[in-house]
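What follows is chain A paired twice: with chain B in the first complex and chain C in the second.
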Partner chain A sequence: MSRHLARSLAQLLLTLAGVVTVAFFLMRAIPGDPALYMLGDYATADAVAVLRAKLGLDLPILQQYLLFMQHALTGDLGTSVVTGQPAMTEIASSVPWSLALAVSGMGIAIAIGVPLGIVSASRHGSWIDRAVMVGALLGISFPVFWIGLVAILGLAHKAGLFPTLGASSEPGLWTSLHHLALPAIVLGLSVAAYIARLTRSAMLEVLGQDFIRVARAMGVSEHRILYRLALRNALVPILAVISVTFAWSLGNAILIEVVFSRPGLGSTIMKAVLARDYQLVQAGLLVLAGAVVFVNTTFNILYGVIDPRLRTR
Partner chain B sequence: MTMSNNQREVQAAGRRRALQAIGAGGALSIIPGWVSLASAQPLERLRIRIGADISILDPARIFQVENQSVASNIYNGLVKYDAASNKIVPDLAASWTVSPDAKAYTFKLREGVAWHKNFGALSSDDVKFSFERVLDPKTGSAYRGQIADIVQAIETPDAHTVRFVLTASNAEFLHKVTAFNHGWIVSRKAVTELGDKYNLNPIGTGPFVFAQWVPGSEVRLSANPKYFEGAPKVQEIVLRLIKDETAAAIALEKREIDVFFALQQPEVIERLRRTKGVKVLERPASSTLNLVLNTSIKPLDDVRVRRAIAHAINRKALIDGFFRGTKFEANTVFTSAFEDNTDDVPKYAYDPGRARALLKEAGVSNLRFEITTVGLSPYDKLVVPIANDLMQVGIQAKVRVLERGAYQQARSSGNVQSCVTSVVGPPDPSAPLVTLFARKSFPPGLNSARYDGVEDLLKHVASELDAGKRKELYAAILRKTATDLPLIPLYADRLFMAHSDTVQGLVQNSMFTVQGYPVSLRSA
Partner chain C sequence: MAAEPEPVALPAPQRRLAPMLAHSGLVTGAVILVLLALVALLAPWLAPNSPDKTDLMRAFAAPSWAFPLGTDQFGRCLLSRLIWGARVSLEVAVAVVALSLSIGTVLGALAGYLGGVVERVFTGLNDVLLAFPGFLLALAIVAARGSSLESVVLAVSIAYVPRVAVVMRAVVLTIKPRAFIEASHAIGMSDLRILLRHVIPNAFPPVIVVATVSAATAILAEAGLSFLGLGVQPPTATWGNIIADGQTSIVEHPFISIAAGLCIAVTVIALNLLGDGLRDTLDPQMRRQTGLKAL
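What follows is the complex of A and B.
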């Protein structure tokens, strides 16, 4: 186990270094310049040169990279070229928003998707199965921003059940939950569609195997077959899709964040890319990559708990 | 963050109500409890929608309307534009005198003006510091070029007198010290002590004090009870970031916000005009959107080709159709927000026949013409009908849409054939003229036409002391630029803002900012 952990840690560091390096050079390769962005309409040749020097952008790129890595190793990811604030401060302030949305959205998605997938697989070919699959197809096909706008129009505007704005800095747990509810439901529904489809197909695959047929022949109850034998075997692929969509929803919830006017990691990184705020992009991607690796590692350990065959690998 | 007792009571009442609801009737009645909580809104808080997050609140480097809107509630200038009339009126300076040759401007500051957050009293030294900071190249101020050639020295004979000595006579100098961008006065003590932190912890003298920034979500300003013109009528301003205009419209209709700032989409404007309890304000802006033609690239160096392009574009159809009448027609880069605007300039009516004839006269056939534009609405879309118009007269028009950073880079290179440009700012007549037509604004500046036909006139107009003659000189510049046509004004912008009927006293200015000072709220 400790060897496993050490390997995971090494993998984490390597991934993070790789992500930051790619982000560093990619951001500088695309056209655009933070100095031009900030000077805007009043950019003159002098002003651009002065600001570039002030921001350290006039140094050779390799030197900039070495300086950045040197600071990064001591935990300093630099300051945002636009606001002058430490990059990590702004990123850290958007993490709780993203985490709350991703966790609650995934909770809803699992609570809806997994049972629907099981029910669908156990009644393979029935009208319930077809209804679930059509519903899931719609959930996957409609873009999440469209579902979000329809939800705002229907549930917030017409029915008046939720606020239009998906975030509030007012104190109080009720207020926070009330504002979070609609974006979480929308994210949950769109992810639930994937989970339902995958749970169904994983279950169907296991249900078609010989040991299930033997269990049935031996007279094991259908309930026990479904939940003890089949589900446990189908859990690994289901967990895999959950881990992938969790990481996805952390950063890629930009559309939900825009529609519901919520802060978050995705929109912060997006804003930083548009402003060519190099340090902010790097810090944001570092956190995002860290989260993805962390979630994957956690689920890797979970696979071993669920399926003893995977422990030795 | 400090909350007033009143707010706390309202929130506590909301919580009590929610708890009672849960206790009384189970799951279903939780929902009405929540709703009453959401609508519990202390009267004295003004909630304003902004469309983008803030980033820079240091006046030396400030840009973008969201930053400027926040700053306009925090800071003062020596003088300011009256929001309704655009006349220059006193702000921190109670009075001022101009020397007969207009080479020295002396301002008498108000007494007893205090900086926010106990940074002491305003003095003439703060004023000197504010402008010298902009002039110092090390500050990296975008506005250095606005005053660098004009100001020779700033003197402070006493704590409440500040004198600007200019390099040459300048009758328009007050525009350079109005409350906007570099004209906002900062505290020497605050800037020095706060250092890098100052940018997002601004200290001003204005009616509101910067309280809190929640990145990606909102900015909070609290009322300054000691404001020299009297405490504001609202206790707090919350500037709420809502990017999507439709979502913002619904939030306004549901009274989750009070003011919809930077309202732009024609469909949303139409929707809000029909909504009960919502008022839509509008006002001519001080900016035009222009199609800039690079006069250093053949055959655009031939004025006949530039005029042919102008005749080929159906600008009226663009305004009536694409923008559903939410813009004004324009023949010069001045809008009706400028006193010195004139209509007595050459005009280029939509006339495809004339366009073809002019191209033929210039000996140009199969002209390949590329319009570079920025991938932001509406600039990415409005060029399509324009390109289509140009095709009709035999010009092979092509549209190149670039992401904002790439667009700025392409435009500042000076190598694009044509691009779209707008100069948003205060109603300072020299601002659009110098920025678009002066030699010092050649790329990376906005004069990507590389046009220098009014260089002498621009020099004369600032030093002309007679207002009547100055007006004539402005008219001459506008006529000359409309004749030479280094750029084609596509439309004069129009600013829209909407508010719920609970908002009283809101005055829309022509500078694309929103100010909470005159506003009071009444119950719906």
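What follows is the complex of A and C.
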């Protein structure tokens, strides 16, 4: 077990290093001069030169990379060109908002998606299975920002059940939750569709295995088969589904934040992109990818805890 | 359990066609897609008006013979814009599938077949790339390159190559130990020939399924990027742009955004139906091969 833990942590560090590297080179794959891009077409040559020196763009690329790594380790992810504040500060202030949305959204998605997927699989071919699959198909096919727009139109404007904005400046837990509700529900439902389909696949695979057949032949009740045999073995694949879906949901979360005008990491990155604040874009990308790596590693460790066969020897 | 008899040759294509035609989901999806392709290809003749012609006197006009779905806030014919938008979506889907599949399958096949260091490097690189949520990666690439159709295609393709490669590698790993591969080695076939002649053709079924999924993702990603203002730039009509345009007037005139969203949904549903149908009817072993990573 401790070997598995050590191996997982080593992989975490390696992947994080890779993530930082990719984020660094991605933003420098821009053809042309980043400084010119940031200052716009009317920049003077002097201004461009000053900015280049400030951003360290004159140094050889390898040196820039090492400097970047060094800074990243101390938490310095560059400075926002627009506000002059360290990128880390901008990001740190948006993280709580995104975290609230991500946690509540994923919570709703898991609470709806996993049971539906399991029920669908255990009643394979029945009307429940078909209904769930039709619903899930619709859920993954409509663009999430469109669902958000329709939800705002229907439930917020027309019905007045929810506020039309995703956040409010008024204090109070209830107000915050009320504003979080609709974005979280929309995110949750769209991710739930995805989770339901994948969970159903995973469950069907487990239920198709030989030991289930044997148990049925031996007369074990369907109820026992499902809850004591199938579910336990499906636990790891279902956790894998959740882990994979989490990364994907972050992309959706950006669109939801924009549609609902809600502050958060997604909105921050969007504003940085539109303002050509590439240091901030890079930093935001890094943080999000880092979050995915952390979640994946946690799940990897969990797999080892649950299923001894998955521990590295 | 006794090992299943190894197929020594590919099953005849005809034997695969019949169950496909009987699968209602697959047929529905295929028919919708063919219709869509026709609409996209015949856009210049099908659209009643020019999609870009503005007429502010006629903004938000009600449906009429001249403008079957009415007009948007600039007086442009909505139906024409939707038809031309289908063209863009089709272009994006085809381009992304072509690009990501051609690169991804080769990389995945090499990694799976060669094994060793190549595979290790591949897996490590993939883990890093897959840590970036697909849409975000596409967003960053478009942000770096500037917004255009080419940028969107490139961005989504790059974001999707690792996902395709992972599936391909998983498939190749199941093909490699099969008897006919060993036989090919034994008679002295070179690795390259084995790859081209045996491995890749046998890997087609899962790859085709991945193709439908990546096409669906590409269309949704293009819509999302265009909606954010980072995709194909206005005034070009794309479904994502139309939704964005309709957003400002959504309370009084919701139909614009709703119609474009429905177009996207129908297309993606058709692609998913096709993909699910293919997955069901092609080699049932395939589900075990691709597992969760198919998405």
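The rule is short, and it goes like this: the second predicted complex is superposed on the first by the 237 of 313 C-alpha atoms of A that agree within 3 Å, B and C clash if a C-alpha of one lies under 4 Å from a C-alpha of the other, contacts with A are read in each partner's own complex, and residues count from 1 in each chain.
Here is the rule we use: a contact is a pair of C-beta atoms (placed from the backbone, for glycine too) under 8 Å apart; a residue touches a chain by one contact, two chains touch by 3 or more.
Treat the numbers as computed from the prediction; the structure is a model and nothing was measured.
Of the two partner chains placed by superposition, A:Y303 touches none, neither chain B nor chain C. By the touch criterion stated above, A:V50 is placed in contact with chain B alone, chain C being left untouched. Of the two partner chains, chain B is the only one that A:A275 touches; chain C does not reach it.
Residue contacts after overlaying the shared chain place A:S169 against chain B, while chain C stays out of touching range. Touch criterion met: A:L137 reaches chain C, while chain B stays clear of it. In the superposition on chain A, A:Y65 makes contact with neither chain B nor chain C. In the superposition on chain A, contact of A:L149 is made with both chain B and chain C.
Shared-chain residue A:S261: touches chain B; no touch with chain C. Of the two partner chains, chain C is the only one touched by A:S201; chain B is not. Touching of chain A by both chain B and chain C, each in its own complex, is seen for residues 30-31, 149, 152-153, 157, 258, 274.
Put simply, chain A touches chain B in their complex at residues 30-33, 36-48, 50-51, 54, 79, 82-85, 90, 93-94, 97, 149, 152-153, 156-157, 160-165, 167, 169-172, 174-175, 178, 257-264, 267-268, 271, 274-276. Those residues of chain A that touch chain C in the shared complex are 11, 14-15, 18-19, 21-22, 26-27, 29-31, 137-138, 140-146, 149-150, 152-153, 157, 194, 197-198, 201-202, 205, 210, 237, 240-241, 244, 247-252, 254-255, 258, 269-270, 273-274, 278, 281, 285, 288-290, 292-293, 296.
Per the touch definition, chain B reaches chain A in the complex via residues 11, 15, 18, 31, 34-35, 37-38, 53, 55-56, 61, 63-64, 137-138, 140-146, 196-197, 199-200, 214-218, 240-244, 246-247, 250-251, 253-254, 256, 402-406, 408-410, 412, 423-425, 435, 440-441, 444-446.
Residues 1, 124-125, 127-136, 139-141, 143-145, 216, 220, 223-224, 227-230, 240, 243, 247, 250-251, 254, 257-258, 260-261, 264-265, 268-269, 272-273, 287-288, 291-292, 295 of chain C touch chain A in their complex.
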